[in-house]
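Next, two complexes with subunit A in common: one pairs it with subunit B, the other with subunit C.
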Partner chain A sequence: MAAPSWRPTSAADSLESWPLVDRIGYRLAWATGGALCLVAGAIVLYMAVRGLQYLDLAQFTQHPTSDIDQSKSGGFFDPLLGTVLLTILGTLFAAPLGVATAIWLSEYGRPAGLARLVESGVEVVAGTPTIVMAIFGLLVFQQQFFGFLSLTAEGDAVLGRSFLVAATMMSLIALPLVVGATREALQSIPGHVREASYALGKTKAATIRRVLLPAARPGIGTGAALGMGRIAGDTAIVLILLGGTLQLEEANSFPLIGDLKGTGSTLTSYVYINSPAGEGNAPEKAYAAAFVLLMIVIALNFSIDRIARGRRPAWSV
Partner chain B sequence: MERVSPDTGMQQEGPDEGVEPATPPPVRRIVIEREPTVVEPPAGNGTAPAEGRMQATGFGSPIRRPEPSSAPKIERMRAEGVTIAYSDKPAVRAVSMPVRQGEVLALIGPSGCGKTTMLRSFNRLVELTPTASRTGVISLDGQDIDTMEVTGLRRSVSMVFQQPNPFPMSVFDNVAYALREQGSGRPGREELLPAVSDALQRAGLWDEVSDTLDHPALRLSGGQQQRLCIARALAAQPEVLLLDEPCSALDPRSTQVIEELILRLRDDVAIVIVTHNMQQALRIADHVGFMFLGELVEYGHAEQVFGSPREPRTQDYVGGAFG
Partner chain C sequence: MGAAGRALARAGARLPGSAGRPRAGGQDAGGQEAEGRWSDARVERLLGAVACLVLLLIAGMVIFVFAKAWPSFAGNGFFGWFDAKGDTARQMEDIFNSPANPDAYEYELSAWSLLWGTAVITLGAVVIGLAFSLFAAIFIVEFAPARVNRVLEPVVRLLAAVPSVVYGLIGILVLVPFVADHFISPERKESVAFVVQLSGGSVLVAVAILTVMITPIMIAIVVDALRAVPRSWMEGAAALGVNRWRVMWTIAVRTARPAIIAAAVLASARALGEAIMLSMVSGSTYFAPNPIDGLTFFLEPTRPLGAAIVDNSEGLSVEPFGQTLYAFAAVLLVSSVALSLGGYIAKRPLRKYGVRP
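Showing the complex of A and B:
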């Protein structure tokens, strides 16, 4: 049998023949990718080892206390609940606003000057450090006018810190992500799909509601999930606008509204307080809570992958 | 060659390229009331007589012409002196033509000749282009379409596009889409099922999807998707069906299915089809309008336009297609 006259060369074979610069570049790119994986793996692994070492299931259900004796300082039930509550609330505020903004920018966008202004507005919000947002939020929500969102002390002093206040500012973190992902999804829908709806005698509003929004749903989901990850991981707004109480403190006795107007903590602020930098100085608790927080954010990121890979309408352009 | 104004943005040929003409080319009014008469092209203009040319290029042998429909011919729409411009670039110039039920009207012509723009003016879809402007009158059953509610007009004059574009919903919901009114009081599934199944049957898709009406429409094959789009367009019982190159994204087998479908549908719906494919026009059209640089150069029976075109420009185009 005759030997094949041609066989495919692999990258490794031909690498030797590459110019030196290309070979260095190739190896650098390879090494960078590998290093990134190592760092990510190291974080997860380290947090898993330290976190699981101190984590026990009781911590999920115990209220935290400020006891110096670590065996009596409780778990992170309240911070966990705070993270969930704040994330859901912030996303609930951000999603409709973000989707509406994206629809206006993508489907109407007139006058063009206003559209450009809105676009830069969204970009400014996206670029603002959350600590700046938090300080600004405090300034705004301590005004008498917003007293209904938080505790009001005797003498009408408004506390300006509550779940509602923090979630409002948190929604500004998620908003640009929702706007961006939704806009991208809307713009990827070819024009003839819109025209097909108009050609069936539908108005623009009906087209948006019945065709464009369903088609953009994976994009909206991706944006919302990205936003949730950012909200769950933010610390500055929590420290300044959530009141800094370890446990959930109700503002009044109404079942849910009292909690929303009240103060509390999240996993991020709990980790901070229990870290050597905070006043609690209980690193074991900090590691356990940090591991849980990391798992939540990783789970959110995987759900984004699932959403993005989910059936996305494929029209030819 | 044709004198072409550069402001049409179309391909230009001939020695006077770049010369700014003061006026657009002369407009040929097509007398639509009169049946077209077959005219021999003038001798000695450099082209062979049409008959010989067609013979030489194999015209007539493999392509089967459709039998004329036995259904009565009813004039549904009429364009009178329609001129459409994008900004100040005219895309359609003083076009007049009738659209009749019981026959298929094919608009042919090279890219950018205005045939799609003309088609989109029949359901006022051209208005969606912000720079577009139109003069002339288009009527539906004698009523000026500019005086009609645009959503109502588009239910009567439906359209299918070049790319299959089912909506991201189930097969059933796609067909029911046009039937569902906006806002409250949406009719239920049982109410809509007869109309939906009727539309799917007319589009020849019922047998393939009757068990899978709740499956996402985007999982259908390309040919099925396009027939779904036709079913969707038929659901509201339109009087006119506009088809903008409906087969250009499809394989030959699906194309054949859709062409057979078009011939069946022409009995109770007036059909206007824009096509690049002259063989297709020959296979399904009863009347053909040849457009060139926005003008309706020739309008007549398909046999006449293809077999013995009166205009040298038609002859060049039709001849080129078979050459």
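Showing the complex of A and C:
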């Protein structure tokens, strides 16, 4: 990643001459590094063993049903679909907002006070607990005004729970990641690239659209992938804003809109409900779904390496 | 690179002809977007407006949550709400079963056990995690051979990426039974049986898993800061005959102090808001673990604020009960906003070393 760190001597040849405290510190540093690998390895291995033990291909296509007998409670087709739907939707909401915010912060940023305020605001959103976002979302989207986003019951009571609602709040989780990655990408574009564009008679807006945005694309992709990983892994918003029905329930028979306005579940809520903490208590199902979820999240997080390795801009050496 | 060049360019853009209005049919692809619909001023205003949505959102969040939570705070008085008197479990039940008449709503609550549980778990995880991540960051930056670092970097990213529900699942199916079987002897169970039931879900498991969850965040921040310490400073120390460990400890770590504070603060914001995992492994009992119980303290269950909201989420739309839950959220919101801003301020001094937080 960064430049190789400074190495005056190799570690071994002088270690004997170090004071005891320093040697202890050195050993502790090695121990923590080893412990990290051990914990990560244990988690992945354990989930893989348990997951593969209870996973079979039929689970990917079967609808989940509530049954006490774990062999009859079906698979996780709907939760899987829910995860995919929610992740894509949330990222679609977050990406334009995040990119616009990042461009304004790094290319305009005037007045400076407001820019600093927005910058700290993004930080605050990143630190806000998702459970607080979730119940804030419930409060907002149960207002009559937002009734078109979810189911409306007979007495005009708005349910306030649907894919659209959950994705809106989910986009807030992805937002800071998109902003951060895009800003970093924009700031790493050398100033002379902008100047060259201005010299050719392009306006600032045209420069952003034709020069800076294409160059920042890997950065935007990185942020979006990280955001998708976080959205796919979040549980609190799903539990509270997606309605907690195991299968996808359409709000009306309209092809896609009905599903988006309807309720459902995702892999995270499926795992939670099937864990001993939820009402399902089917650990086998939970392990299998958690393994699939873990694989999805890992794939999303490590896809950024591929994105970042993509086409290098012309000015990079 | 940026500031000076951009200022120059901005000045240049004002020169006549360089970026002026397009002459009729005069220009290439830039012509269609040069002026008119996408004029510079308009784009700047538009992007600025979008950026300010974030501020609007935060203001909305604070106002909405507090407006909803207000009756719960007002019904108890400010200090009453944070007090330790009374049995929280029974109070929550009374609130849930309070009469439907708005004048007779029951609000009496002293949320100390929740606050104490949140504080104990958060502090425990942050303190252990900070020590751990400091050593890990030193290792990654200075001592790990390149081959080890190639493994360690994805490992840290992996630990940060694992969803909290997966951590919770491992906790509730593996660690909680393990603690129940091996650490909780019948005598220990007996010793606190008159106040609380020990079942394995405990402060110990919660702190252990939470530490694993927040350590990667801290490592990332501290590593960035340690890498940004000017090399000449460390080389200067090394030239004076200081060994590598002491160079890291006295020069690099000291320079990176703002980052270490920022890491601790931002990680506690994250730890504070963790709800799902904690609701699965913390025992979910309204109980304030008591330090005078000695080692049993670590085995006692509790219920942090976030977990209390998740556990009671069916009651969110029941009137006085929902307001009480929103009061928990309000406390979480205020503390996390304060911590995030604190972290933001703590990170600012790092800019002079070229770290862009």
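One rule holds for everything that comes next: the second predicted complex is superposed on the first by the 298 of 317 C-alpha atoms of A that agree within 3 Å, B and C clash if a C-alpha of one lies under 4 Å from a C-alpha of the other, contacts with A are read in each partner's own complex, and residues count from 1 in each chain.
Definition applied: a contact is a pair of C-beta atoms (placed from the backbone, for glycine too) under 8 Å apart; a residue touches a chain by one contact, two chains touch by 3 or more.
All of these numbers come straight from a predicted model, not from anything done at the bench.
Engineer: More residues of subunit A in touch with subunit C or with subunit B?
Structural biologist: C
Engineer: Applying the touch criterion given at the start, work out whether A:Lys202 contacts subunit B, subunit C, both or neither, answering first, second, both or neither.
Structural biologist: In the superposition, A:Lys202 contacts both subunit B and subunit C.
Engineer: Examine A:Gly233 and indicate which partner it touches, taking first as subunit B and second as subunit C; both and neither are also allowed.
Structural biologist: After superposing on A, A:Gly233 lies in contact with subunit C but is clear of subunit B.
Engineer: One more residue to check, A:Arg306. First (subunit B), second (subunit C), both or neither?
Structural biologist: neither
Engineer: In the superposed arrangement, does A:Val211 touch subunit B (first), subunit C (second), both or neither?
Structural biologist: After superposing on A, A:Val211 lies in contact with subunit B but is clear of subunit C.
Engineer: Considering only the contact definition stated at the top, list the common interface residues of subunit A for subunit B and subunit C.
Structural biologist: Residues 190, 192, 195, 198-203, 205-206, 210 of subunit A touch both subunit B and subunit C.
Engineer: Mind listing the subunit A positions that touch subunit B in their complex?
Structural biologist: 190, 192-193, 195-203, 205-206, 210-211, 214-215, 311, 313-317
Engineer: Provide the residue numbers of subunit A that touch subunit C in the complex, in ascending order.
Structural biologist: It comes out as residues 1-2, 4-6, 8-9, 11, 14, 17-18, 22-23, 25-26, 28-33, 35-37, 39-41, 43-44, 46-47, 97, 100-101, 103-105, 108, 110, 114-115, 117-133, 135-136, 138-140, 142, 172, 175, 184, 187, 190-192, 194-195, 198-206, 208-210, 229, 232-236, 239-240, 268, 271-272, 275-277, 283, 286-287, 290, 293-294, 297-298, 300-302.
Engineer: Which of the residues in subunit B come into contact with subunit A in the complex?
Structural biologist: Listed in rising order, the residues are 123, 125, 128, 150-155, 158-159, 161-165, 167-169, 177-178, 182, 216, 218, 229, 232-233, 236, 242, 249.
Engineer: Please output the residues of subunit C touching subunit A within their complex, sorted ascending.
Structural biologist: 1-2, 4-6, 8-9, 12-13, 18-19, 27, 29-30, 33-35, 38-40, 43-44, 46-48, 50-55, 57-58, 60-61, 64-65, 68, 132, 135-136, 138-144, 146, 148, 151-159, 161-166, 168-170, 172-174, 212, 215, 227, 231, 234-235, 238, 243-246, 249, 266, 269-270, 272-276, 279-280, 284, 306, 309-310, 313, 316-317, 325-326, 329, 332-333, 336-337, 339-341, 343-344, 356
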